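Below, each structure is written out as structure tokens.
Here chain A shows up in two complexes: once beside chain B, once beside chain C.
Entry: the complex of A and B
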């Protein structure tokens, strides 16, 4: 009831906005790292530069957007208000930025102090986020699959962080832990437990919401999040116990689950009542194509020895999941969330009867469509670079840099638009008050 | 209709479909059909707001004793949506497709996030607190929803 009473308490714009602006900077750094390392980055996913790039994308871009978006949507979707949202956002953002940079430095230099500092910084920041979001969210009694999914995604994040901290501290303290095995688990928890759970929980609301489609079927909405986490826990146990066939069967079921979700999303999109698909919906469609392709490849890597022996398989899978899947869907979401928040916060500054400029004036449709095309180009070059690094590594790095430069430009122009109009509206209010 | 959540959620979807009908007419640049479809959509939206503001919210407020809580937030959002409806209607009257798309996209997200809050939180609370008078309440809501609000321009 307490949550319900105050469920309009969306956080101040500065709370989520800082995450949305810094996310593309990390993807630009990833592009710059590919450019400076060149083709050797794509030789294996275990190279220092490949590990650094993966974390610039997964932690620097994706987790930044996911945490910023979660802080915004918890009050709206679940009626769960974070306590002191701006202070928490500042702290989590600062530690996430510093921790990611330290971790990347650790990978690139194998400096023990960098790994230790990264582990502590990220550990404190992410624990603060999980603690604050968890306290708000677990107070709300679950009455729908989205709220359950949001709760489960926090558990997924805890699993990912614990495994990540173990890995970072193993590298700095030379603990005798099975690093490749722990890395596989860390990847699984990050992609399925944290990423996919949150994507699924949010998709259940936003796909029907933005695209005016029927709701996801009940069997999917109610079972997929808890089932995925259960399979992930079982897969982790099987993996640690050394039951490799059982672990592979469970991993395959997870891949099939993701594929089913992607296909169901396609089916719903085909039944959209909207007259046309805008760029944001195209980002969603691209993400689902990539998720589906990643699942097929994942199954191939699990069951076909001739594919499993090739280093390009995991590399292609990583590009499809992180850039094609998650980055696409998050860019598409940012183009809905950010202009709407700008409008909403400006509208709240308006006097009675006054209207804020509508969403489409915040970021022009042409700017978004251009960025979609460059993002598509970056994805194509990155996939090509995984197949033929010597030809495509440099164009891929440059394209990723340009695509995220475009996203940063669009995010900054939205913020500047907000500042300009907020100043105008505030001045008009003061002027009105002084008369 | 067994409960408030089912009835009012179905009406949300009905408003969504009416909005989509306008969008299809606008994309064909069939301005007269678009204006007629928009009038239909606007009337349905205003009837929904009226049903909540005159029937559902007062009952909820009376029963729970909370008048400055969630229902007040919903009323404030209704004010913002009424403004967006007026702005979208003006754009349509001027055959201005760009302005119409911008206003309606904003309205769509505004109404959808509003609907999520009502469907996930407020309606279940109404069903819980108003269980004893649910039948009369549903009858009264149906009367309001079937009684489109005339828009004067």
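Entry: the complex of A and C
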């Protein structure tokens, strides 16, 4: 077997792995925060604990996974090599971890210094990531929708970060800015501009590749990412200009776009060549169900005043988007990406004629299926807690903690599998060389 | 060049990773000087290019109208 990768070009396994191991820790912290706060957290999305939990999940879990995955995906899918990938990964990871913790501390204590420090730490870390990834990506000619989508998702991340920094600095410096309006824009840019754009760009490759389905149709692949970002920009302008009906129509179009993507993914999954869905496919299916439900609810909140007046709606929508949608799909992707990377890096250590262990042995199928079931339980409890906090807040916190403990266990077992086999292969290499 | 003209032909469309890479690397081990390997894939295989480069192969990539990608591989010495 030939040598696979040249390590000066491909990011070493340690670059993305640190993000994948840290992500579940933040979701576990979110579970612990729900447990320590109790039903009060679910009263409104504006409570300090709810804002802290949202950021533990969105920044702590989702952005960790998204940035780690992007570092790996750029060279493999787009041929875009990051310069000094390990150094960048270390710096971005450290600032993201510290910045998220500082932001959460800011929400929980309303300490001005915490908000200012969080803003600068996250700003520097994310700017480094955007700069490095952007430089690598914009050197590559756009010959497919995934590369275009990755570029656009970086623009979405810039929008999210700028709005987030404005909000954090407003809280610390008491700037007279319209916080609810900025929060709505920050949420829209985070969910659509960064999250959905990246999901779409990556789905175009990973769904057909790992789920053995036909490709997404051209009309969707080529138009959805640019169209979503264009609608988001127009929605932002309408929102800032105070044209609320136009802004609501544009927000509804975005929700319909997400719903269409979810339905198209269902259609592709039905045509999968795999006879029995594996756990990763089940994670994707769950995510698409939740995204569809979130879109319906979102439209209801926009157009039905009786729903818009209830605090339950945004809470349910948040759980469906962050835990049901993004966390499910990221978990499903991790269970494909991590074993593949372990295999790839082990294969690179193999001598001529030697084969790395089978990719399916990296994380046991039963371990993944168990974690899927616990994740499903956590989602159900969180939705129930949004409806009836006094009954379900504590089970929801505990279930989120256990589910992500399971994900952490699975990520660590993949890492240990890699270390064990890498040590064995290195020893065999040295043994062969000394003879 | 069609699959029939190549010395070794791999149709890796519809295979789950890392199967296309495994089959290609195994074929490279068997590829004698002067022989050609044609790999048909659903997308452009960026990691494969680096593998080919560091193992002394040259390649040519063609994009088909149906969206598939053909990679034609030879030993560099030729």
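Here are a few things to note about the model shown:
Rule of thumb we're sticking to: the second predicted complex is superposed on the first by the 427 of 435 C-alpha atoms of A that agree within 3 Å, B and C clash if a C-alpha of one lies under 4 Å from a C-alpha of the other, contacts with A are read in each partner's own complex, and residues count from 1 in each chain.
Quick note on the criterion: a residue touches a chain if its C-beta (ideal position, glycine included) is under 8 Å from a C-beta of that chain, and two chains touch if they have at least 3 such contacts.
All of these numbers come straight from a predicted model, not from anything done at the bench.
Of the two partner chains, neither chain B nor chain C is touched by A:434.
In the superposition on chain A, contact of A:212 is made with both chain B and chain C. Judged by the touch definition given at the top, the superposed model places A:147 against chain B, while chain C stays out of reach. After overlaying the two complexes on the shared chain, residue contacts for A:83 are found with neither chain B nor chain C. Of the two partner chains, chain B is the only one that A:361 touches; chain C does not reach it.
By the touch criterion defined above, A:275 reaches chain B but does not reach chain C. By the touch criterion defined above, A:343 lies against chain B and chain C together after alignment on the C-alpha atoms of chain A.
3-6, 76-79, 143-144, 205, 209-210, 212, 273, 340, 343-344, 347, 353, 355, 359 are the residues of chain A that lie in the contact sets of both chain B and chain C, per the superposition on chain A. Touching chain C in their complex are the following residues of chain A: 1-6, 9-10, 75-79, 143-144, 205, 208-210, 212, 215, 273, 340, 343-344, 347, 352-353, 355, 359.
Across the complex, chain A is touched by residues 16-17, 19-20, 23-24, 26-27, 66, 69-70, 73, 76, 80, 83-84, 87, 98-99, 101-103, 105-106, 108-110, 112-113, 115-117, 120-122, 124-125 of chain B. Residues 14, 16-18, 21-22, 25-26, 28-29, 42-44, 46-47, 49-51, 53-55, 67 of chain C are the ones that touch chain A when the two sit in their complex.
Interface of chain A with chain B (complex): residues 3-8, 76-79, 143-144, 146-147, 205, 209-210, 212, 273-276, 336, 340, 343-344, 347, 353, 355, 358-361.
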